[in-house]
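The following pair of complexes shares a single chain, subunit A, combined with subunit B in the former and subunit C in the latter.
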Partner chain A sequence: MAGRDDARKLGLADYEYDEIVKTLGREPNYLELGMYSVMWSEHCSYKNSKPVLKRFPTSGPRVLQGPGENAGIVDIGDNLAVVMKVESHNHPSAVEPYQGAATGVGGIIRDIFTMGARPVALLDSLRFGSLDDPRVKYLFSGVVSGIADYGNCMGIPTVGGEVYFDDSYRDNPLVNAMCVGIIQHDRIVKGRAAGVGNSVMLVGSTTGRDGMHGASFASEELSEDSVAKRPSVQVGDPFMEKLLLEACLELLQNKWVVGIQDLGAAGLTSSSCETAARAGSGIELDVALVPRREENMTPYEVMISESQERMLVIVEKGHEQDVKKIFEKWDLNAVKIGTVTDDGMLRVLENGTVVAEVPARSLADGAPSVKRESRKPDYMETLDVDLSSIKIPADLNDVLIKLLSSPNIASKAWVYQQYDHTVRTDTVVPPGSDAAVLRIKGTKKGIALTTDCNGYYCYLDPYEGGKQAVAEAARNLVVAGARPLAITDCLNFGNPEKPGVYYQFEKCVDGMAEAARYLNTPVISGNVSFYNETRENAIYPTPVVGMVGLLEDVEKRCTMAFKKEGDVVVLLGENTDELGGSVYLREVMGVKGGRPPRLNLDVEKRVQDCCLKAIELGLVHSAHDVSEGGLAVALAESCIAGNTGFSGEIETELRHDAVLFGEGQSRIIMSLPEENLSLIQKIAGESNVNISVLGFVKQGNFKIEVKHKGVNIGKIDIPVEEIAGIWGNAIRWKVEN
Partner chain B sequence: MKCAVIMFPGSNCDVDCYHACRDVLGQPTEYVFHKEKFSSVDFDLIVLPGGFSYGDYLRAGAIARFSPAMESVIKAAEAGKLILGICNGFQILLEAKLLPGAMKRNRDLKFHCHDVFLRVENNNTPFTGLYKKGEIIKVPIAHGEGNYFADRDTMEKLKARGGVVFTYCDRDGNVTEEANPNGSVENIAGIVSEQGNVLGMMPHPERCAEDILGNTDGRRVFESILQYVEGSVAHGR
Partner chain C sequence: MIINARINVRFKSGVLDPQGTAIKGALKHLGFDGVEDVRVGKLIEIKLDAASKEDAEGQIKDMCEKLLANPVIEDYSFELS
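Now for the complex of A and B:
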């Protein structure tokens, strides 16, 4: 039997141990305790976050599957649906960047095809420390290669994502992988172990000692000793997963498949107890039947191993040979290891002898949830910045160059050119624009995809930052011509036991929930990653929003590139004098703090609707949202993407650095033939959206003058080739030098 | 024209090549699983698609060449059928010795996915008849092991017989070091066999064969093949 000391060593609190004893009516043995320790870890149980996550809107007319399954599903019409989920693999990537990132990708792909869907796209939201740090370069390069090698081998295009660099992520990088699949409504499969007497089969790879206690490792802070946990990091085999994908999709064509679930964190333990808990059944399995890659493994090791590329399949009794036949075609294992029972127990046998017996539901859902203390952190009281003391630089060309060479704004081509983003021949807007767009063969439809979060905004004001993450994701889809449909989120925070961190978490969720409700984009799946901190330093609160949007006619897609000389360039929305949280203030002026830009959801919605209407009517040639770096950077990016110049003028009463580089929200720039201008103005007027002419697409320089009452108060005038070179190569130079 | 797309375990451009042959070109197309053999008379065109056959954990293509389907591919090549190997398919053709030379990892050891410019060096092949000689086309690459190598002797012979079909070049057609994405000897991107019926190329013509993809430069590879095959039928060859 195992006591409290053992429980503590496995990371369980005393009250959790007591709960286990109460549930079992006896002390657990060591195997049982080990299973509880992984299932009741934060990573598997969400015990710290459950009550707060209930604040998200999770339903809607298009939602076919909300949170609680392996992935969320949203209807896109014509009997088709999008399946999506994002998940973190932060801790493994911090100690073993290549395998950590690779297996993160592998895990999220399995979550998608487990639902019966064909995975069609990957996105990755990444955060690292400053690229001046040699270890950060190692982590960054390793993570990018890990993602590339896994996704590329799978033949799933990596079409989008984000990368940010900030010291708060130095020792605890964030690696959030998102996968998107397409499925027909009548092909949706769930992770349920139903039907007494049905067979439980383990398919795919063999089981070894890799990734022991990965879920627990993900649920504690990183420390100097964390490198010793490298054996907790799983090892990926994308070739095996490619075979598993094809075999599973072939298998799932059959009506006699009852349920399927991938083996992710907590391996066989989680997949067996979760499938049983969902169906209200039990499972009896014998570990001796599990195909292994190492000798002398104990039942404990078999039950909690996180060896990759494995699936648990529940099939109607009598169809075991049919399963074997399919998997043999793909040279994969398929072995019956147990049966579905009706007693609600997860019973583990070794050669017929019971070695563990616990209620499946208690393991899967029984972790006592914790309401943590939440308190506004002290640093938030000292964020105010006196803008009047900040002098506006005279050389605005220099400011623009500094912004475009910031790795947070510069082109991410060094990253996405290592990812195969054109395989499957559906990528009609490749990475580098606001959102990626994929066509859906055999239909007129397309889907647009993005991930977004400004962690610095969330640090400065968690509520506004959370709101802004959702609004910006939606805006990025809208400028591509898509109607935003749904969210999958990955909530990355520090140690939730600290009241300040918990406050950030709650407020971010509240902000996200409000925006999601307002913009009709329910949260259909997601993941929470706590304990992202080292040596007392938590990361910026980083609630990454993955969003999908629908284009009924993919031919109506839009990109950010200026297309035609002579086109008029307009701004939807209003400039503001906000500078807090901007890249300009922090990286160019060296001033940390301030309030991030305010977001008025009503204005945001109207700007988005107006932009979408203009695109759907075919009135515009380009659309691009104004985000990091402000209006000047947005215009410069449209020039660089279109390989053309711009000439314009802005009349304002505001500080001109705020007009050019401030990150005021709910703004979109569009270019259009001049003859469409009056119609756009009319539409904007009807939507009560501010519209102003900024200038014209012109060959030659990127040129913009700011005037106050007709008098020139600031000017940018710079050749486009020059800024294109700087923007295009900044990350390469940093990494390779 | 009857087309076959071979599915090796780990092939992942099989669906794209199938789509190009069947939907874009409008020709009857079948998948052939790597464990199956077929007869040389079954198909006019056999496509070896891109991907990571057997994971490419050894050399790319090194294991795929031993598969049963490859025995049939080799027989079909000997019978003069058209074989098109793209990316991993090219690597397999090299390993199977249907084409000369070998493939190394890219010079910078990184995977490269982006558009490149190619110069059509030889348009007198069944695969390039609809291009002009010296024409510059834009085609995407997506590979980590595309650094083509052949010894001096092989190169001399290859060039002498017009075996080099595509070379990497810049936008203006200059074959420069900067335009070489992977370190291939003499910027080689695609070569053809001595009999002219086996083509291997690293860039992906199937990824730029439709208007919606923003580039149709690769489509003429497939159209050239169709024209050649239909011409051969017409001429009773």
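Now for the complex of A and C:
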């Protein structure tokens, strides 16, 4: 029997141990306690976050599957649906970047094909410390090649994502992988172990001692000891997973497959108790039947191992040989390890002798919820910045160059060029624009994909930052010509036991929920990652928003590149005098703090609707959202992407650095033939959206003059080749030097 | 003095070795039915000018920790001559 001391060593609190004893009516044995410790870790149980996550809108007319399954599903018409999920692999990547990132990608791909869908795209949202630090370079290069190798071997294109660099992520990088699949409505499979007497089979790779206690590891702060916890890192085998993918999709064509679930964190323990709990059934399995690659493994090790590339399959009794036949064809194991029962228990045997017996539901869903204390952190009281004391630099060319060479703004080509983004031949807008666009073969449709979050905004104001992350993701889809449909989120925060961190978490969720409701983009799946901190330094709150949008006609897609000389360039939305939280203020002027730009959801929605209408009517040649670096950077990016120049003039009453480099929200720049201008102005007028002409696409330099009452108060004038070189190579230079 | 070091780097026991697994599969397909397990490592030979054997040992150990092996998932051993 195992007591409280053992429980503490496994990371369980005393009240949790008492709850286990109460549920079982006796003391647990060590195996049972081990199973509880992984299932009741934050990573598996969401015990710290569940009540707050209920605040998200999760349903809508298009939602076919909300949170609670392996992945969310949203309808895109024509009997087709998009399956998607994002998940973190932060802690493993901090210890072993290559394998940590690779197995993160492997895990999220399994979540998608477990639902019966074919994975069609990957995205990655990454955060690192400053690239001047040699260890950060090591982590960054390792993570990027881990992602690239796994995705490329699987033949799934990595089409987008984002990368940010900030000291708060130095020792605790964030690696969030998102996978998107396509499925026919009638092919959706769920992770359920239903039907008494049905067979429980383990398929795929063999079981070893790798990744023991990965789930608990992910639920602790990283420390010097983390290096000693090395066995928690698993090695991925993408070729094995490719076989598993094809075998599973072939298997799932059959009506006699009852349920399927991937073995991720907490391995066999989580997959068996979760499938049983969802179906209200029980499972009896014998660990002696599990194919292993190491000798003398104990039941404890078999139940908790996180060996990769394995699946639990529940099939109707009598079809075991059919399963074996399919998996043998792909050179994979398929072994019956147990049966579905009706007593609600997860019963673990070893050669027929019971070694553990616990209620499946208690293991899967029974972790006592924790109501954490939430308190506004002190730092938030001292964020105000007196803008009047900040002198506007005279040389604005220099400011633009500094912004374009910031790794947070510069081209991420060094990253995405390592990814195969064209395999499967459906990627019609590759990485580098606001959102990636994929066509759906056999239809006229396309889907647009993006991930977004500005962690610095969330740090300065968690509520506004959360709102902004959702609004920006939607805006990025809209400028590609897509209608936003649904969200999958990865909520990365520090230690939730600290009231300040919990406050950030709650407020971010509130902001996201409000924006998601307003923009009709329900949250259909996601993941929470707490304890992202080291040496008492927490990361910026980073609630990453992955979003999918639908293009009814993929040929109407739009990109950010200026296309044609003589086109008129307009701004939808209004310039503001906000500078707080901007890259300009922080990285160019060296001033930390300020309030991040405010977001008015009503204005945001009208701007997005107006832009989408203009694109759908085929009136515009390009559209690009204004985000980090402000209007000047957005215009420069459109020039660089289109290899054109620009000449414009802005008349304003505001500070001209705020107009050029401020990050005021709900702004989109579009280029269009001059003859369409009056029509766009009419549409904008009808939608009550502010529209102004900024200038023209021209050959030659990138040129903007800012005027106040007709008098020139600031000017940028610089050859496009020069800014293109700086923007294009900044990250490469940092990594390679 | 010139020292020859032979360094063996291999996955820690328990860490999945995809290359070894693939070779095992290929050997079985070729009819070598008795193959129980295959693990693949690498052999690195270094010729080093060092002050003494102890000095060489220290340097090689350092090289292994910093570059030649990935201590997170790999073990190493070496012999000097």
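Throughout what follows, the second predicted complex is superposed on the first by the 737 of 737 C-alpha atoms of A that agree within 3 Å, B and C clash if a C-alpha of one lies under 4 Å from a C-alpha of the other, contacts with A are read in each partner's own complex, and residues count from 1 in each chain.
In this text, a residue touches a chain if its C-beta (ideal position, glycine included) is under 8 Å from a C-beta of that chain, and two chains touch if they have at least 3 such contacts.
What you see is a predicted model; the values in this text were computed from it and never measured.
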Kindly say whether there is room for both subunit B and subunit C on subunit A in the superposition, answering fit or clash.
fit
Go through the superposed model and pick first if A:A148 touches only subunit B, second if only subunit C, both, or neither.
first
Could you give the angle made at the Cα centre of subunit A by the lines to the Cα centres of subunit B and subunit C, to the nearest 10°?
60
If we overlay the two complexes on their shared chain A, which of subunit B and subunit C does A:D331 touch? Say first, second, both or neither.
both
In the superposed arrangement, does A:E637 touch subunit B (first), subunit C (second), both or neither?
neither
Does subunit C touch more residues of subunit A than subunit B does, or is it the other way round?
B
Regarding the shared-chain residue A:D625, is it in contact with subunit B (first), subunit C (second), both, or neither?
neither
Counting only touches as set out at the top, which of subunit B and subunit C does A:F239 meet: first, second, both, neither?
both
Least Cα-Cα separation in the three-chain superposition, subunit B to subunit C, whole Å, stands at 5
Subunit A residues touched by both subunit B and subunit C?
237, 239-240, 331
Considering the complex alone, what residue numbers of subunit C touch subunit A?
11-18, 21-22, 25, 37, 70-73
Please give the residue numbers of subunit B that touch subunit A in the complex, ascending.
9-13, 15-16, 19-20, 23, 33, 35, 50-52, 54-57, 110-114, 140, 142, 144, 204, 206-207, 210, 212-214
Seen from subunit A, its contact residues with subunit B in the complex are 145, 148-149, 152-155, 237-240, 242-243, 329-331, 413, 416-425, 427-428, 439, 441, 554-555
Okay, in this complex, where on subunit A does subunit C touch?
95-96, 99, 205, 208-210, 227, 230-231, 233-237, 239-240, 293-294, 307-308, 331
